[in-house]
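In the two complexes below, subunit A is the common chain; its partner is subunit B in one and subunit C in the other.
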Partner chain A sequence: MPHKIKADKVSLQFQNKQVLTNISFELEGEKIYGLLGRNGAGKTSLLSVLAAFVKPTSGSIAVDGEHVFENANVMEQIVFIRDVKMDDENGKAKKYMKDLSIFRPNFDMDYAERLIQRFKLPTDTEVSKLSRGMQSALHAIIGLASRCPITIFDEAYLGMDAPAREIFYEEVLNDFMEHPRTIILSTHLISEMESMFEEVLIIDQGQMIMHEDAETLRDSGVSVTGAVEQVDLFVNGKHILKEQVLGGTKLAMIYGQLSEQEIEEAKALKLTLGPITLQELFIHLTKEDKQ
Partner chain B sequence: MRSSLDENKPIFQQIREMIEDDIVNGNLKEEDQAPSTNQLVAYYKINPATVLKGFNQLVDAGILYKKRGVGMFVAAGAYQMLREQRKQAFQEQYVWSMMHEAEKLGISVEEIKNMIDSMKERQG
Partner chain C sequence: MRKNKTTVVGLSMFQTIGSWMMWYTGILVVLHIASTATSYTGIELNLSQSALINGEAGWSILNTALTTSKGFFLVCGLLSMGAVIKYYVSNGVTRLDYFKGIIQSIFYLSLSFTAVAALLFGLEVLIINMMGIETNIHVPLVFYLKIVLDVILFYLVGWFIAAGFYRLHVWFGFVCIAIAVLLAFVQSGIWGESVPIPLFKLMNIYEVSIWIAILISLLMIVGVSVVIRLLTKEVRIKD
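Right, the complex of A and B next:
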C-alpha cells in the first residue's frame, strides 16, 4: 500500500535564518518525485525534516497521518541518502552495509552484491579510503538495497561520473518497477534527470513554488518568435518568463498553454511557436531578479 | 526506435509517435508485439508512468491492443488509420510551413509546383 506523505505549513528557522517558509504538499506515493531547487533553496532542509533528522520550527510532516519526528515506526520506513564523505567510517563496504541493514527490515543483500558488481565497488578497501565516486556509489547502493517504502536521494549522484550516474538512473527505474515505492530525487541537474520524474516539486528561497505532474509541466510553456511588434501584440497580457530582442526579431517565453484560437492567432501573425524545456522553465521560475 | 529523446516535447507523445513511426514505415506490422514498458524505461531512462500514458493513448486510438499478461500488440487496420492521419498532418504541417516560407521569399504557388516537378525528375 502506498504511503501518503503530507506536509502541513512547514517552516524552519536555523540560527535566526528563515530556511523554509510555510511549505505544504501532499504526495500520494509509489511514484518517482523530483525535488528541484537551486543551491541553497532549501532542498536538503526540507528533506531532512521529512526524514525526521530535523524538527521543524512550526508545522509538521506526517506519513499516513503519523508525525515523522521522533517516531521510530515511521523512521524505519524512510531512508535518506546524502552524498556525504565517509572519512571517519571504519570497516569495508560489506561489513558497513551489514551493520546498517539491521535497521532496514527490507534490506536485500543479494541486490546490494549485484550493485557492488555493477558499480565495480572495491570490497577489500576501507570505506574511508574509497574514492569520492565510490563513496557516492556506496551511498546509492545502500539507498536502493534498503528498499524502504520512502526512499530519498538528496543529490546522491554528485560524486559520480557520467557512466556511474547512468547505472544509478537505470537501477532506480528498474528497481522501482519491480518494487514500487515512493522515491524522491533532489537535483539541479534537470535536463539529465527530468525524464525519470512522474511529479515535480520546485522549491525556491525556502518556498514551494510548484508541484505538478512532470508531463503537464513540460507542456506548460511556449516560446514565441517573430517580428517585434507582432510578438508584443501576441504576448500582451500573458505571463511572460523571458523576452529577448535580436535585431527586428523577438523571442518571448510565456507560461501557460495556448488555446486553439490563440494558436490560430499566432499563425495569422506569422509567429513561430515552440516548446520550452523543463530546464528553461525552472531557470526562469527561480531566477533572483524576478519581479 | 530513436537513439535519444527530444527534450522539447512531452515524452509520452514521443513514445506514441515512435510506435506510430514504426508502424507507418513497416518495422512493426499488424499483430506484431510492441516494445515492452520495461524495455523502453531501461533504454530511455524514463518514468514508467510516462510510457504507459503513451501506450494508453495508442490503445484508446485503436492502434494498439492489450493481451492480458503478454503485452501490447499492433491492431488490425492500424497502418491504414495512421496513414490517413499522417496525410492530413502532412497538409497541415509540411505544406503550411512550406507555403509560409515561400511567402517570405516571394515564391509563387506556380514556382513551388515547378520546384516539386524538377525534384521529382531528379529523383528519377
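Right, the complex of A and C next:
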C-alpha cells in the first residue's frame, strides 16, 4: 500500500545552530524522490528526522497520519542508509545481513546474495575490513534487500566507483519496478541520477526551497544556443541562469517557459533551443550570491 | 506476525554478551586455578556472607567470580550504548524496545552467570573432595543473590556512564562516573565488603542486614534504570 509522508513545519536545532527551519512537504505514492541540496544544506538532518534518528525541535513528520518518532510500526517500515564507516562491525557480510534481517520483515536474503555477486562483495572478509567502496556496496545491498516501504539512501553511494554506482542505479530502478515503494535518494551529485527522479525536493540552508515534479522542473527553463548577437538579442530582459561564450557562439540558460511566439522568434534568429538540466537549475537555485 | 522487538533485542544482546561471558569465564577459571593451585592445603571453609565476600574464610571460585565480574559487566554496560543503540535504531527498533531489550538481556546474563559460577563452585568442591582435602563448605543462598544483584547493578552503572557521555556533555559524563563510584561504594558497603580506597573508608558505609541490603540494591537498580531510560528516551542517534 502506498504510504503518505507528511512533514509539517519541521524545525531542528542543535544547541545554538538552526539546522532545519519550518520544512513542510508531502510525499504520496510509490515514486523515486530526489532530495537535492549542497553540502551542509540539511539533507541528512531532514532524513534523520524522517527515519526517527532525531526528534524535531518543533513540527512533526508522520507516515499515514502516524508520527514517526518512537513509533515501532512506522520505524520498522523505514530503512535509512548512510555512507558511514563500519569499522566497529563484526562478522562477514552474509552473517551481518542475516543478523539484521530479523528486524526487517521483508528482507530478501536471496536478492541480497544476488547483489553480493553483482557488486563482487567479498564474503570471506570481515565487514570492518572491507574497503570503503565495498562498505558502500554493502550499505546499498542492505537498503535494497530490506525492501522497506520507505527506503532512504543518503549519499550512500559516494564511496563506490563508477561501475558500482552504475550497478546501484540499475538495481534501484529494477527493484523499484518489481517492488514499487517510496525511495528517497539524497545527493548533491545530480547529473548521474537526475533521470531517476519522479519528484525533486531542493533544500538550501535548512529550508525547503522547491518541491516539484521532475518533468515540470526540467521544463522550467530553456537553453538557447546560437550566434552571440542573436542570443543576446533573444535573452534580453529574460531571467538568465548562466551564460557561456565559445568563439562566436553563445549558450545561455534562461529560467521560465517560452511562449509560442518566443519559440517562433528563436527559430527566426536561428537559435537552438533545448532543455536545461536539473543540475543547472539546482546550481542556480542554491548559489551563494542568489537573491 | 510482527516480532516482539524487545525480545529480539534481548536475545541478540544475550547472545553477544553471553559469548563474551563464556570467554571471560574461561579466563576466570584459568586465573583462579593459577592463583589457588598452591594455596589449597586443607583449609577449612566456613563461609558466612561477608566472610565469603571478603575472602576471609578462604578463597573459592565464587570469590573470584564475584570480584572480577563487576569489572567485566561494567565494561559490558559501557559498550551497550553508542554503537549498540545506533545499530538497533538503524534497523527500525525504537529506543524503548532497545532499553527494554537490554534490561531483559541483563536479567538473563545475571542469572546465567550466577548459574555458571555455582556450577564451577560445585565442580571445585568436588575436585577438592576427590583430592581428599577436608572441607566444611556452606555457601548461603543469599551469596548467589548478591552475585545476581552485582551483575545487574554494575552492568547498569556502566550503561549509565556511557549514556551520560553520549547524551550530554563530557562534563556530565564525569558527573555520571562520580555517581557510579558512589553507587559501587554503597553496594559494597551495605553488603559488608571492604574496598581498599581511602574515600570508601571516609564515607562510613556500614554493613546492614541482608533484607535491607537487598532492598537498597534493588532501589539502586530501579533508580539507575529509570535514569538510563530518561537519558536514552529521545536521544539523537549520532553518526
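Points to keep in mind about this one:
The rule is simple: the second predicted complex is superposed on the first by the 248 of 291 C-alpha atoms of A that agree within 3 Å, B and C clash if a C-alpha of one lies under 4 Å from a C-alpha of the other, contacts with A are read in each partner's own complex, and residues count from 1 in each chain.
By our rule, contacts are C-beta pairs under 8 Å (C-beta built on N, C-alpha and C of every residue); 3 or more make two chains touch, one makes a residue touch a chain.
From a predicted model like this one, the values you see are computed outputs, not experimental measurements.
In the superposition on chain A, contact is made by A:174 with subunit B only, not with subunit C. After overlaying the two complexes on the shared chain, residue contacts for A:99 are found with subunit C alone; subunit B is out of touch. In the superposition on chain A, A:246 makes contact with neither subunit B nor subunit C. In the superposed model, A:191 makes contact with subunit B only, not with subunit C. By the touch criterion stated above, A:162 is placed in contact with neither subunit B nor subunit C.
By the touch criterion defined above, A:48 reaches subunit C but does not reach subunit B.
Legend: residue contacts after superposition of the two complexes on their common chain; A:215 is shown touching subunit B, with no touch to subunit C.
In the superposition on chain A, none of the residues of subunit A is touched both by subunit B in one structure and by subunit C in the other.
Of all residues in subunit A, only 31-32, 166, 169-170, 173-174, 176-177, 191, 194-198, 214-215, 218-219, 270, 274-279 touch subunit B in the complex they form.
Across the interface of their complex, subunit C is touched by residues 48, 52-55, 69-73, 75-80, 82, 84, 88, 99-100, 102-105, 148 of subunit A. By the touch rule above, subunit C contacts subunit A in their complex via residues 2-3, 5, 8, 12, 83, 87-97, 234, 236-237, 239. For subunit B in complex with subunit A, the residues that touch the partner chain are 5, 7-12, 37-38, 41-42, 44-50, 53, 100.
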